[in-house]
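All chains are identified by letter, namely A, B, C, D and E, in their written order; residue positions are counted from 1 within each chain.
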């Protein structure tokens, strides 16, 4: 009896509940449906929810707890010889028992005590499944009975159902908060450890980033320096270059698609451009490193400029291309949603198409467009591969787009992926960087929200 | 008929009896429509309209809902170009020039032939920006004060100034229905077009505001040519010199307003007018 | 005053003189507003309105543009809930029950108190779907034919049937202004609300259609309670039994329509009415 | 003519030279503006074309592969000397020798040990596995002769495709002159056949380029994406709807809004850290599994879907909501019946872009063990699996030459996957689009 | 939570990206020929691998870890603290680190000292320790080419960089008595730190990218593993170091100075619990795998000498615990 079987049975029960609830509502209405507070199908949904939801919640709880409960019972039933092992060893014994119980390949001849334990384990799981089935069924039936009882014309079935939906919607919104909490928690402890090794002041205001600390104890004496400023300026530089490329290209593409292009062209160009967002970043990385960077270098040298072979410009431009669809597609949708009557109003005054677009359509679409652009900025800040491959890892403090720079994200990724040592400031600095980046963007977002709210108060 | 299409201002002589009868001495045809047919997809909305619009007069278009008044109005400044499925046939001239000619620039045309729409459609900008928008794109003011002056005067003429003079920076969309309508009128007259097309400009207005707009129309008439769609017979009678009666996509009758209201030739016109008068 | 708010239908006795005077024999107050104040942000749009709306009668709201008629109307079925910055104070009852009570479900309230908006706002769906939407969500028809019947009857009553019966599947947004307005009327009456609020329902309508809607209102009055905002004094005089005059967020005067039009007590009312009559 | 009869103001501004000059400028601006639009699309499309062309140019050869067709003698002396047909014995037999013998039989003149080794290097490691599979499936083959096709080792395949240059000095290439001569002979006698590269789609990953395939990656991507879609779409749409349509404007919703915007800027690898800390360590979910990958990618794409969804909802005019509320629709009905359908195009755009991002992402998967060498095709959401971009990432980092073309081919497959997935959404989006 | 309860019958390996190609090749062969499932091999980097490996015993922890360096004492201690008490070591073979450039340039011969002078942050000039002034190779030694110094190499987070520092930088600077005269900690700083003025380009971990960049930029040198040179002999050449070319035989018999050993560590407690570990180790240490002409050599592994292989094999098959 698998998970999907349980869920399928539950779905069937809920459907039955729906039908019963609906017909019951029709009956209680006594022929005049308008006596019902809600449309009959809401009564159906009401019953279906009562049938399905409690059983579903039980199922979720049960399946998440059953494993450890059964394990605990098997563990306590083990013969004394096994039970006296250390927790680690018992863990291993449990692996053996599981492997035996599920008929996996095992490599040693099983000990009879283990075989009994495996049998016992199987037995318990069997009971557990049976009990779950019975309890779920009982709960579903109770729900059905209760909900059906309550059906009468005055029952606000729609409101009840909508209350459940509303709770669901709120829960969905809270996922964002939970994710944030999860991220902060998974960064915080290591970051604190980092800040006990490197002072926050040095980290936040230091102008030199070079995490060249030792991997072997006998190796490098010099501590790495952990001044994150070059990384943040590098991030800013590359993201700005990317936006300088993506915003005009994306916005103008969006405008052309939604305002000028015939529907057929728009219908094809838009999804085609969206492919840009789906090309794996490795491909962009190779393109940036092997095509764009040498090109920038050659052009730069042709102009007599000193260009390093890894330049922020190359990485930024390619990143800009990658995020074009964020701006173009989202803006296109928003522009397309601006009511025609506004355009008519402008044309009626003798405005040209471009004047209409720039002065009426775009301002009307601005909140949505800003959303798309912010999304694109975010993506640019979070991108790793292109920068690693084309702009290098050297954290120079420079505002010159022809220099090699590094970004926060890149350092986080290389620090986490590279060779690391427990507790070395080098490895932990990834968490410090992550947390600070998180905080900085959070601050920026709060400011952005305030600005947007001000703007909204004025123009909503 | 062909002569008429060549030189608009001297077209009076060539105008057919029906039209000529209604034109006051000295007035010439500012615009002229010949056999204008409009289709929305397969549906024909106008079935061949012939109508001359005399200069510096107010022409009223009346007729039952859905008969094609707005459609005709939108033909006069090529606003129908923006409706994908609309197709237009026939000839419309402004000062004797075919406005659907390739040579003609719809932008210039619409600057010369302004429009107030049936549903008020203020831009989601401030009240000030709503009105200054047109003058700005046409470069009618070179300095800030000039623009302030244009905005203030337009709002005054539309009868909205007193209500909004303290909230010019607030969004135009936060106004009441009637206020929005007057805002749209102010916006249209701010660019001083030669011809102003008004699609039921007073439908959302109270009597006082209506009277105000009617005065405005009367005043504008001295310099501008005005075409107004209205459902209000009294209004048509009060403000217009000429009236055209539309019915099911046809123009049934056109003539001197007094004539039309007192002595309609077509019985459909009679029915329509008396349907209310009676 | 307090007695009145408890049992709506027997409230006549407790109604104040001003209100009581206007109520015809046998009619009771369907709705009742007490000291209704509305603020848009910091701006006060209604300054404390007391108005009783008698059952199965037509109450007309008149007054200059921007005086708060739409705002008041929107209070009566809690449409103002949807405007973020709008804040309402005071008491409004429907059949004696406070409609701003927590117990009250605004959705059900709006099904009972229907509304036709000032700007026609058809759904971007077919004409049929526009009208059938309300009946469908309220489960007013169980079979296809019943629904067809409701749609056809509603469109007929709104005087649109003949124009659209062949194009029910076409989008409602492709109709002319007046047609859209009648479509919105049809949509509102399709759910048979007890009270119908109409915000300038005839503003975009020609006289014939207007007459049609007025007939409809007259007919509806037998079973429904109607509140209508209009700028057309004749219309108010023709269709309503009671008239309330609004001015700058205040309700200046309310009374029997005949009374108001022939013998207004307040000079502002007089000014407003005669501004047109004179 | 008009200026004679009109007063200075009316119409005058529009007939003057001044206006004409200004109009000319405005039209120039108009043309420029339109040109910018076209240029922008042109540049974007050109970039895409360059990228795609470079991928295709490098990868199209991977769709064909050279096989070695040899007459194999299933010599009982080699594989079943005892003649017991014992499956265990058969399973451990030396099948490589069968393939080598078959090739050596074509070149009887090659005798020295070194030469024989160099000759048999042409046979892919896969040959032994292939023969083993054949015998295990049908032991009656033992003792018979049969013509069998198996992969040519990658270096030689690359040579025949021209990816290894014959003209460079012998010392600088992986293939000797002698081997080239042998290969040419095999080609001329028809023992080498070039055909569609089914292995690319039917095999799992391998360290041997000629055997490496994408089956496991495709299925892994499919399972992972299924989880991602199943979570991100309903949660994303629900959250967008709640925040835009229902949420009271208070501190909590501000907090949620800021959070969502902020999550969009969190580097994807940090989502990997989250997955590691929460799903693997705290919730004890399996490593390298599509469920966990799917959840992490869903969390990563949620901000994209929510933000674009909210923008789309915001663009629906309030009059539509009022109209529906006015006939007694509940707020939820207003949303589901009117607002959502109208906002759907924008929602779908967010979904398309979010999914494209999820489909191409590798960094967060690193932390949860999906950047791994996994040969077996996953059969469920809890099995160890890789995904296409990981396959691409790992192949791109492999030293063997044969992986260069396969990397590009894998990218082509990924893009095909993406386009197929998007096609559905794009069609839906067109259905919902309308102007009002 | 229920998913883990199903037990595990598949070996899980984490660790070094350098050893990854070899271990995964063994895993593939092991999975194809035996009755066991193909092990899952993750590429997490040496340190990351050891961290996971040492986190505990039980299904959720890996069984083996790859390492491009020996495990450290501190790491073993942390293993023990988490209950991972017996760890066995399998030395796989050697990895040469090459200093390579494009075939389009002449082949060169550098001494370790010269490479240190080219790459160190501080060098000795006229008996003084000064910031590295060298821009071109011939400023270090007139016999060297008049080419700008540009070296693409791994970032400080990489195990390869670490090995390079130990085998080249430390050795190179030891040849300057002036450095030796410095106090111990300063000495190390001078020896180990790599310049950050742009002459040394930290190029990430994708060695194929370095290969392609070198092919395009003929003045630049790159630092990476031998197997990438082996596969790209048509484009690149390895510089001789101290007169020795980076060739298989030279590395195998330790003539070439820049080579390191690679290891796999086994959690002995998992042997016999997770099925197939013994058999996997047997496959790894079979002659056809890590021996001369074995399939790992074809992947670029440089095999251990024969007697060493014997020792490694018996040691690992007996699960001899590693000692520091």
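Everything below uses one rule, namely that contacts are C-beta pairs under 8 Å (C-beta built on N, C-alpha and C of every residue); 3 or more make two chains touch, one makes a residue touch a chain.
Here the structure is a predicted model, which means the values were calculated and not measured.
In terms of the stated touch criterion, the partners common to chain D and chain E are A, listed by label.
Path length between chain C and chain E in the touching-chain graph (shortest route): 2.
Among the chains present, the centre nearest to the common Cα mean is that of A.
Among the remaining chains, the Cα-based centre furthest from that of chain B is the centre of E. By number of C-beta pairs in contact, the leading pair of chains is A-D. With centres taken as mean Cα positions, chain D sits 19 Å from chain A.
If you average the CA atoms of chain B and of chain E, the two centres end up 83 Å from each other. In terms of their C-alpha centroids, the spacing between chain A and chain C amounts to 48 Å.
Averaging Cα coordinates per chain places chain B and chain C 31 Å apart.
Residue positions 84, 107-108, 119, 137-138 of chain C each touch two or more of the other chains.
Of all residues in chain A, those that touch two or more other chains are 158-159, 286, 339-340, 352, 355, 416-417, 460. In chain E, the residues touching two or more other chains are 1, 4, 6, 35, 37, 44, 205-206. Counting only pairs that meet the touch rule, the chains in contact are A-B, A-C, A-D, A-E, B-C, B-D, C-D, D-E. Touching chain C in their complex are the following residues of chain A: 33-34, 36-40, 156, 158-159, 460.
The part of chain D that touches chain B in the complex is made up of residues 1-2, 5-7, 9-14, 19, 22-23, 26-27. Per the touch definition, chain B reaches chain C in the complex via residues 40, 43, 62-66, 70-71, 118-120, 163, 174-179, 182, 199-200, 203-211, 231, 233, 272, 275-276. Those residues of chain B that touch chain D in the shared complex are 9, 28, 55-56, 95, 105, 107-108, 111-112, 137-140, 192-194, 222-224.
By the touch rule above, chain C contacts chain A in their complex via residues 84, 105, 107-108, 137-140, 142.
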